[in-house]
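As structure tokens, here come the structures.
Each of the next two complexes has chain A plus one more chain, namely chain B in the first and chain C in the second.
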Partner chain A sequence: MKFAIQINEGPYQHQSADSAYFFTKAALAQGHEIFRVFFYHDGVNNATRLTTPPQDDRHIVNRWAELAEQYNLDLVVCVAAAQRRGMVDEGEAKRNGKDATNIHPRFRISGLGQLVEAAIQADRLIVFGD
Partner chain B sequence: MSILHTVNKSPFEKTALAACLNHITPDATILLFEDGVYGALQGSQIAAHMQQTLTTNKIYVLGADLKARGFDTDRLIPGMAVVEYDGFVELVAQHDKVQAWL
Partner chain C sequence: MSEIVKQFLYLNRRAPYGTIYAWESLEVVLIGAAFDQVVSLAFLDDGVFQLTKQQDTTGIGMKNFSPTYAALGDYDVKKIFVERESLEERGLTIDDLQHLTWEDEDDDWAEKDSITVVSRAEMAALMDDADVIFSF
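The block that comes next holds the complex of A and B.
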């Protein structure tokens, strides 16, 4: 079965950022397909490659990136939510005249249409948030 | 059309669970996770309403979130079923839609 995942909350802030990961991991382990993971609202903060948690804590960003590497997941960050929060990739940095980027290379920035498409294409949309 | 309703809010903080209970149909299933697991405990203000709901609907509780909050399964209202993340995935697959009460 095809699942789409939506995450509305940031890492180390709300449990939903962890719940979404554990759900996605369990779904993949059962052989389900994850059509897309869409990071919306404060959820876009799950995509910063500059995250540096203490060594004995989970690395939420790398955890997503590793799962994406293993299963070739499409991790999409909402562009409008990202711009508001200073989440920038190279294209956005150039376009908006910023001097740095912080999006992890395993994530990509795109629009809300990607969430709508995921909701249409997937058999189930599961939303995690506050 | 069966719906899985997910509730991740404590019923003593937010009205998400109350709203969910007011809207479910008899073929619907509820999954309580994160702070939503507080709604599954015995002896609370909402316990009688939950017990009544259990006569018409199945209610599941995410075991990991219950344990993370220091509760054993013997604190649950009788009739509540415990699942882990793999069970959560199965519930999603078994129902036609998932409604998150955020």
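The block that comes next holds the complex of A and C.
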């Protein structure tokens, strides 16, 4: 089956960020396809490469990046939600005159149309949120 | 854009302010309107407050985005379902909500009501019929 994943909550704050990861990993392990993972609302914070959890805790951002590397996942961060919350890539930094970036290179920032397209193209949209 | 046409249902369950879910849900609806899908919006639980009239956000310093709902008809969003039990549990009636309309081009641009009040059982059936459910 072809899944689209939507993540609405931030890392460490809310378990849905973890559940989405475990669901995605399990689906891939069973041979399903993940059309796209879309980060929305506070979920965009799952994409910051600057996160530093305690050493004995999971690294949620790197965990996504490693899974994406292994399966060539499309990890998309909503641009409107990202702008509000200070999630910045090179393009956004230039466009909005910011002096830094913080997005992990395995993620990309794009529009809400990517979420709608994923919902159309996938067999199932699974929303992880509060 | 896409030849696939699905039944999209946007579930709005939360109060308009307090969290950003309601506003960011509306942003998905507005963007999604460009994709030519069959779109319905549902308001239930505290989500029914999103459609109330005369919202005033001056005291909380947040943008009052409620006028945006009145523009949904222009985005071809004309099926808006509000759950009766959710209204009643909160002491609200349809008269407390904005009068949302759309213009029917096949009927000499007659202005028609967008909002339909449905029972909880009917709401469940709507969810059952949808291909895609966005839950906010």
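Note that the second predicted complex is superposed on the first by the 130 of 130 C-alpha atoms of A that agree within 3 Å, B and C clash if a C-alpha of one lies under 4 Å from a C-alpha of the other, contacts with A are read in each partner's own complex, and residues count from 1 in each chain.
The definition used in the following text is that a contact is a pair of C-beta atoms (placed from the backbone, for glycine too) under 8 Å apart; a residue touches a chain by one contact, two chains touch by 3 or more.
Please read these numbers as outputs of a predicted model, since none were measured by experiment.
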| item | value |
| --- | --- |
| Touched partner set for A:Q30, first chain B, second chain C, both or neither | first |
| First (chain B), second (chain C), both or neither touched by A:H41 | second |
| Chain B versus chain C as contact partner of A:Q13, first or second or both or neither | neither |
| First, second, both or neither for A:Q70, with chain B first and chain C second | neither |
| First, second, both or neither for A:G111, with chain B first and chain C second | second |
| Which superposed partner A:L125 touches (first chain B, second chain C, both, neither) | both |
| Set of chain A residues, in rising order, touched by both chain B and chain C | 8, 125, 127, 129 |
| In the complex with chain A, residue positions of chain C that touch it | 1-2, 4, 6, 8, 20-21, 24, 27-28, 31-32, 34-35, 37, 132-136 |
| Complex contact set, residues of chain A against chain C | 6, 8, 40-41, 80-81, 84, 111-113, 115-117, 119-121, 125, 127, 129 |
| Residue numbers on chain A that touch chain B, as the complex places them | 1, 3, 8, 15-16, 19, 22-23, 25-27, 29-30, 32, 124-130 |
| Residues of chain B touching chain A in the complex | 6, 8, 33-35, 64-65, 84-86, 88-90, 92-93, 97-98, 100, 102 |
